[in-house]
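Per-chain numbering from 1; labels A, B, C and D assigned in written order.
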């Protein structure tokens, strides 16, 4: 990188691009291998570095494009929007500015098709207050399960969240109970819930519906856990070991069914859906 | 007091206006506006002090801990240990016994009254095996259709390497999942500090009771302050925003009953014990009278309806799927 | 001990009294504290050393005397006796010599009362081929559960066994499945099974009905586990830690509900039965 | 051959008797008795060699292991890992896929073909988390009413400190307990070494199939010999007594089907694969046609009736409860 002329350097994102989503520049420096990657190539590759397989965080729209059949995504529950039940400092302003940016809450839910198979899908959006779960996320997830139960459709949720939404206080804490209870009822209808954990899935989301999948798939190197790393370090007063709370660590510890490369995810999901007889 | 100074100033201007026959009303109105502002701050300050005192009381080492409630309430208590998977978590105590004439399963989070006790009980922070023990005993209670009493007092689930290794997230999630559908009455009491997911894991219930000076919060005030104000010493300020007191949560529709502690459990627990005991008895009488189907339906409806949001359906034309701009506009209304 | 005259020493059991049951001599050396204990006093104390609380192994008759109401034990299933399905070397002779001694298989089963409460009880006998489970033990345990199911009675089993009975080969192995399946059906009838683990409970018995109790109680210092200690040492080629596979170890590891002093066992069982509403 | 020597001796005595006209019949009879004895020994020796060869074959590193059966039989296999409690056991492989047109859940015990593989798979000896993974996947199969295939090849559950710490006994017991009542078809195949409780934990099934040269034993022949003869080198002798071959177990009513391996799986697996595949297909067709109630009842009856004992009721007078002397007398009959 340092060898490049300044005029080209400007094209790259800065190293402290902390949210790690696909940047808009034409060239990208890969946090995995530090090599320079041509952005259209990266997109062709589903946001996975062609050199080292580093998985970039991708947006909700990219998830929809990469995973579902073209034009198959039909949004549901977008009419449910956030309010500010606690009158929490700055929350209302934050919501307004996010809506202004065209974002629609920390999860998008809807119908979709995978290789023709009809499913219900939820994709969390970490751009929306770190993908935190407030009343709207809780309500949408619960409705997604209920819809799945009523229509005998499988549910696939791609999680990416910092946890419960502080700004809604205990109301948001109880969304954990609400989504988990909905997952239980859905499960009792003998339908399939595939939970996909992406970078990062922590706190109240990991400790509720995300870990209640019949099948739990994690993206390579995704950070997954309950407590935040800084909190753990402050508590135990020591550095965390290499790879701690990463997808591969969780696979070894028995908490995810497998780690799946994003480029294989679609075909894997289709296979799983077929084995569960959802192709009709 | 700034407020009193302003009041004096207003009085002074009034007497001048009367004495000298001049119109000072605009000056007086300015002062009145200042006064109102000052009063808000004053109220805020007062409220902050009150809430912060509750937070501190809820954590007091003298305050009765779940194990004390068990000792006081449960006759013939027999402790049952272990998760049958990995270990016995000392932070969680569980067992069977009688509440009044009712055989019950009881699970509490133990917190110490001394440093040594606190070390033994890990300061009331359970590991995953603690929650799995609670769930094991809950299934046992279900088998024998025995009501369950949860007594909760915890700063939260323990954030350690071992906790994560053994799947804290999964453990809490499973509790929420199975308790929502458990076919026996569940009564949950927040007795002191209700710390986030680690408290909620024993909070899925038919009736959620809070002691008057207990707290229940999505995040500790200190944690909230360090995120919100980048300054954990502003915890008192954060504690107000979080709406973590029993009365806040009653108003928000999350807590079903608040128990009068009289002088405060940490001062003299007798009144609090008595009031809670009566509430538990009434609840046992009511919930054991329901069929398991009614019970689970009631519990699910209770959980299902928690949440504050705006349903903008009325404003939307049918067939419009991308509602982003609508929503933004509506929000401003 | 060494200070005693030889004439008295003869009264004591030898130190290598490997099965550790209550000896017939008038004085006993306690393996726990090495003190000399007067036998009648030991019996009064339910076979527990009054000085150090060491729990001696006691016989089936002693268990019946110590635990159940006087004359309440009514044997069941004693008509079921062993055969030699594999024609296994020495098995037939071994059985004959044990029957000659007046023993009746490695478990005795029957009705009993505890403080008036009617129960079904099984007590394993380690004098009978190390309390091993062959077809007869399997059959009696299965019938005990079935009887409990049919009559809505609680089942209490005091385990003490080296495991499956080698001399009946895979037939004995399948008694594990048979007793576990019976325990499942019994449990589905919502009746209570209390499993009491005494020294030693290992192998095929620990890996079947013994660990399937609603409530599992262990005697202090009892050896409880799946694999034998010698086998483990040979496999891992190191010495086993102090207290390994002992009752207190299992309590710490979360596998028994509590360790109970034999002198408190009866009252504890009565309390548990009452809480489960078996007093009518 | 001693036997031939005796035969020659008999012939010699016969010719002497005829030639000399003397009665040697008592000598000849003695020799005949010796011959018969010799023949028994000969047969025994032969049988021992055969059984011991089966034991050794069942363990051969070239013999296909459960993972090979899965590779050969299961289309679109997707591996699912972990027990959701403690870890993922590499000795146990589980997942979903198709057998013919049937969606199935498959669990096998992995054994290595090389030392490195064996180290990775812990020589096919599972820890408790391996059995808990198998049970987790079995519950999942039940939820989706998907038949289960178990492929078993293990020297036994791993006898280590960690295994005991995490409750090996409890883990095996729970498998036996829940599998007995699982409401979906279970087909279990012993492909190689069926080592004691560690094999049985995946052996509770609607049909227990054994490959012709597989073994299933309550204890390893070596372990048995060291107890029985205080000499583990006498394992060959012990292996006969244990009745551990597929045909012994078919005769004893424990195994439901024995699969012809042709030249032996370790020589050429194709015939064995083909025969097993046909048997599994037939079994799937049959068991998926049963209702879950019929299925569980059939499985329970199958397990329930295993056992050899004498019911002496007929000999007893009613009201006699202490049958000890009776039993002793009866046993001698």
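Simple rule for what comes next: a contact is a pair of C-beta atoms (placed from the backbone, for glycine too) under 8 Å apart; a residue touches a chain by one contact, two chains touch by 3 or more.
As the structure is a prediction and not an experimental result, all values here were calculated from the model.
Contact with chain C and chain D alike is made by B.
Across A-B and B-C, it is A-B that has more C-beta pairs touching. Relative to the C-alpha centre of chain A, the farthest chain centre belongs to C. Per-chain CA centroids place chain A at a distance of 54 Å from chain C. Note on chain placement: the centre of chain A and the centre of chain B lie 29 Å apart, centres being C-alpha means. For this pair, chain A with chain D, the centres built from the Cα atoms lie 47 Å apart. Contact of a single residue of chain D with at least two other chains is seen at positions 84-86, 166-167, 170.
Shared interface positions of chain C, defined as residues touching 2 or more other chains, are 253-255. By the touch criterion given at the top, residues 187, 190, 192, 214-215, 251-258, 268, 271-272, 274-277 of chain A touch chain D in their complex. By the touch criterion stated above, chain A contacts chain B in their complex at residues 74-75, 78-83, 85-86, 88-90, 95-96, 99-100, 102-104, 135-136, 138-139, 142, 164-166, 168-178, 180-185, 188, 202-204, 206-212, 224-228, 231-232, 235-236, 240-241, 244-245, 253-255.
Residues 157-161, 163-170, 172-174, 176-178, 180-181, 196-197, 200, 203-204, 216-219, 223-224, 227-228, 241-244, 249, 252, 254, 300, 303-304, 306-313, 316, 321-325, 327-328, 330-332 of chain B are the ones touching chain A in the complex.
For chain D in complex with chain A, the touching residues are 76, 78-88, 96-98, 103, 129, 133, 140, 143-145.
Taken in their complex, chain D has these residues touching chain B: 84-86, 132, 166-167, 170.
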